[in-house]
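Take a look at the following structure, please.
Naming follows writing order (A, B, C and D), and every chain is counted from residue 1.
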Amino acid sequence: MQIGLVGLGKMGGNMRERLRNAGHTVIGYDTNREVSDVDHLSDLVDRLDGPRVVWVMVPAGAATQLVVDQLGTLLRHGDVVVDGGNSRWTDDEKHAKELHARGIGFVDAGVSGGVWGLKNGYALMVGGDEEHVELLKPIFDALKPDGPYGFVHAGRVGAGHFAKMVHNGIEYAMMQAYAEGWELLERVDSVDNVREVFRSWQEGTVIRSWLLDLAVNALDDDEHLERLRGFAEDSGEGRWTVEAAVENAVPLPAITASLFARFASRQEDSPQMKMVAALRNQFGGHAVESAEKA
Amino acid sequence: MQIGLVGLGKMGGNMRERLRNAGHTVIGYDTNREVSDVDHLSDLVDRLDGPRVVWVMVPAGAATQLVVDQLGTLLRHGDVVVDGGNSRWTDDEKHAKELHARGIGFVDAGVSGGVWGLKNGYALMVGGDEEHVELLKPIFDALKPDGPYGFVHAGRVGAGHFAKMVHNGIEYAMMQAYAEGWELLERVDSVDNVREVFRSWQEGTVIRSWLLDLAVNALDDDEHLERLRGFAEDSGEGRWTVEAAVENAVPLPAITASLFARFASRQEDSPQMKMVAALRNQFGGHAVESAEKA
Amino acid sequence: MQIGLVGLGKMGGNMRERLRNAGHTVIGYDTNREVSDVDHLSDLVDRLDGPRVVWVMVPAGAATQLVVDQLGTLLRHGDVVVDGGNSRWTDDEKHAKELHARGIGFVDAGVSGGVWGLKNGYALMVGGDEEHVELLKPIFDALKPDGPYGFVHAGRVGAGHFAKMVHNGIEYAMMQAYAEGWELLERVDSVDNVREVFRSWQEGTVIRSWLLDLAVNALDDDEHLERLRGFAEDSGEGRWTVEAAVENAVPLPAITASLFARFASRQEDSPQMKMVAALRNQFGGHAVESAEKA
Amino acid sequence: MQIGLVGLGKMGGNMRERLRNAGHTVIGYDTNREVSDVDHLSDLVDRLDGPRVVWVMVPAGAATQLVVDQLGTLLRHGDVVVDGGNSRWTDDEKHAKELHARGIGFVDAGVSGGVWGLKNGYALMVGGDEEHVELLKPIFDALKPDGPYGFVHAGRVGAGHFAKMVHNGIEYAMMQAYAEGWELLERVDSVDNVREVFRSWQEGTVIRSWLLDLAVNALDDDEHLERLRGFAEDSGEGRWTVEAAVENAVPLPAITASLFARFASRQEDSPQMKMVAALRNQFGGHAVESAEKA
């Protein structure tokens, strides 16, 4: 089938390739002319037959809003927009409402797979009305991995990005789990071959996983990770997971601890630990003017 | 080769079977006569040619200490004891020293695999001297999974159980990660099919793992886990991981949060939350006799 | 000076009394006619001389928004609105902007003190322009405790409620600290008099505080807190503190743990612990159809 | 009354002074001849009339064990040893048993107060038999603060140090609470005077405390704590609190988070965050040899 694809960065570019390999007609648009199939977004829309399907694959927030706004004026009743970026689920509800007012459908798709997706397929978590999801089925089938897994229609608009967000929250805690175990093993004297311990875990254990495979790969590159700094970025999804937990009164101690560990890793010098140190110093005995005695 | 196996419970019994299937001669002893090959531990020792190898597979703590003590008097210079139970690594150091005084070798083996081990093999993490580990190689080869993974000589005595302990600590945090994500998804209205979200994650995602497969299996049995109580036991390894972290000044926030969540799950009514409630009530205004004013 | 006071509940009513005791003229309005000084909000406005000052003391959110909207139409250029409720700091920025468009000033005031405030004074954390804060100085002086403490002009609009919010976040962690210590002491056999341990801490220790005084008072009422359930509510401020932390990438592990402990205390049966239990059951050996083998 | 005091460092020296000011006869011994009243420990014992009371105020662990061993040989039936150092409660049980075998009593005393104790008195948490505690009453009365607080007979041997240990655990979480709040306030733009916010909290708030007074004092010295590094030591008591929690299955999320924050503050570069960074890099796409495909 035909599809328009807005945003041809690393992810979008690979997805165009995977879709074309599957026999679909993809019209791609990007502000980078070198990779774009058309000069303007309007050209992309013109080259599609109705009902048109346009997949948006640009950064979450302002960039996605801009494209959704433009598509709102370019598309017609019965067309469908898919947001495959990393938008917050609350943006989905807003975008769906704006487009719905013009008779345009909206589907949100959380996409996992990174650079491995071109070859192995992308895991897709999708939210929206059944009719819109059904229309997109051939596209989803081409993008997803072979086999029975890797695609879910999770619920109404927003459910796709919400599920992807939770996926990333779980990912944070799993990465933290391996990282904590690795540090403890590296610290003790009795264990002299931590990399081989990790490698051995790849079969027969409860904790075997794709992330463990990646960890072993990383240790094969750099056994004690001496070429790296203990500095970890975080993305919107980790933060949004904690915000959703707070909003819904769900305790997420492990996921939140993982997010906070990343925050702390990026501080040159911890302000809060300065205060702890200052309080400890005060016990040492400088004169304290206390409220009670004032 | 020949091996004595002390403890023929679920784990030990299956291991005897897997070893025999691989062509080894196993003399098993258990206090349960129905499963035991011999009447007394001394019979087991008598039926082995030197250098004898005896694998101990009994509960950690007092039971293991008792068997190690008995083997210390029954075995001879050059024989080797393997502790394949869930002993604390500090017990290993003690046992090795006691046996070493009599010229008997000691190897500790952390064993993972549960009921799946008989068929798929057991992941083995081993600590001890190279010569003793070498002597046991045919046994380890028979127990471990096929392929290049599932066995590691992690370091000196204690390293095997230490590595297994950390494995379990990681397992705690991974289980907690999926559990937190599942609860959050179940809570929100927009996601109407959490089980299918979990199932979809089994391919193409960053968080695919054997534990995720188990989670999907559990949800297929009982979609909303309504037949279960939110009550989780913990074992020695989880606690020892936190103790090792405290001893080594390694922060383990996610693993510790996972252990504490299990502790809390077993309380009918949380004492600490009673105190929080009591303090909140106090703001409501009963007369407070404060130290300052006394 | 003259002041209008909207909202005469427990807090507002006591504040009116404290202000009148200090010689100020307070016109109070409440939808509850029994406590109200006037019939309509417009009457309150009419009875004040300009520049009018109106203190809003109603529930955060919709109620506060409604009163701010009404005052926006009733007041005139040069008048000032104070929000002394528990509004989120982001609401302050919105309200200030809306009122500023009509030439009306806005000040936010975080108020601490509860039922003790009438007698001991209210701690006030205030945000807004210097000129507006200056105008309100006599009111703040009457409400605050005697002595050099209990009032701060924390910064621009929003800073007062932000500071009060952080105050509450700190309060959560302090309450949790005492609660955790109390539970641990109650658990061990060797300590046979936990209440007296707490009482003894009221002098000479590092942890003496007003909250400790309250804890002792609570234990004097009910030594083992047997009349309470381990069930703790949370308020907006605790959640907003965590949200502000996430937004600003500041790790708040102790405050967040305290909030999550309250969430967990309110669950009859923990969903996430059901999942942990389910995963543990799976090790027990039901057939697992894993993604790998599909 | 008479008392021997072993260990005349900062704490012991001040305690000798406070006891003498109260009219007691103190024979002090220290390996530092400049401050010692006698040349040998045996001289101290010789100068006391029976039943002798000797207060040990030396570092926990080996030093305390050594003095207890020596006193075991020097003292006689009916004498009493008090350990006022920071010993682990499990050491108390051992020491009491060793001394009991010789008919010598043992009391453990957790002491709080630091440099403020000389003037304000020391908070004392005491464990041991009623008869031994009774014998020491005049000494405890002299050391404790004036007024009804600051002394507790918490339970049997070990209870004193256990209570002091929990006191310190609570202290960790309270310090962390203020530190987290301070960092968040310092981070946001709207609050321009964090020190004055802290100062204002000293009256009328829920979180007023002696630690808050110390925090204000520290900020008066160095408003943004720029002269300090975010580096915080920890002591045995914090770690033992977590160990006691793990042993007793009591969840202590806030106290443990506070301990872990100190651990992390002392790492130049976090090993676990290197692993998290490494895993993130792996998503970027180096070839991964996974267990599944091997």
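Everything below uses one rule, namely that a contact is a pair of C-beta atoms (placed from the backbone, for glycine too) under 8 Å apart; a residue touches a chain by one contact, two chains touch by 3 or more.
Quick caveat: nothing in here was measured; it's all calculated off a predicted structure.
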{"item": "Joint neighbours of chain D and chain C, given as chain labels", "value": "A, B"}
{"item": "Chain separated most widely from chain A, comparing mean CA positions", "value": "D"}
{"item": "Self-contact between copies chain B and chain C, residue sets same or different by half", "value": "same"}
{"item": "Separation of mean Cα positions, chain C and chain A [Å, integer]", "value": "35"}
{"item": "Between chain D and chain A, distance of the C-alpha-averaged centres to the nearest whole Å", "value": "46"}
{"item": "Chain centre separation (chain A, chain B; CA means) in Å", "value": "33"}
{"item": "Junction residues of chain D, two or more chains touched", "value": "114, 116, 147, 149, 176, 178, 180, 183, 187, 202-203, 206, 208, 210-212, 250-253, 257, 260-261, 264, 272, 283, 291-292, 294"}
{"item": "Residues of chain A that touch chain C when the two form their complex", "value": "147-149, 206, 234, 239, 242-243, 246-247, 249-253, 256-257, 259-261, 263-264, 266, 272, 283, 291, 294"}
{"item": "Chain D to chain A touching residues, read off their complex", "value": "114-116, 175-176, 178-180, 182-183, 186-187, 202-203, 208, 210-222, 225, 228-233, 253, 257, 261-262, 264-265, 267, 269-292, 294"}
{"item": "Touching residues (chain side chain C, partner chain D) in the complex", "value": "89, 112-114, 116-117, 120-125, 127, 144-145, 147, 149-159, 162-163, 166-174, 176-178, 180-181, 183-185, 187-188, 190-193, 196-197, 199-212, 241, 244-245, 248, 250-255, 257-258, 260-261, 292"}
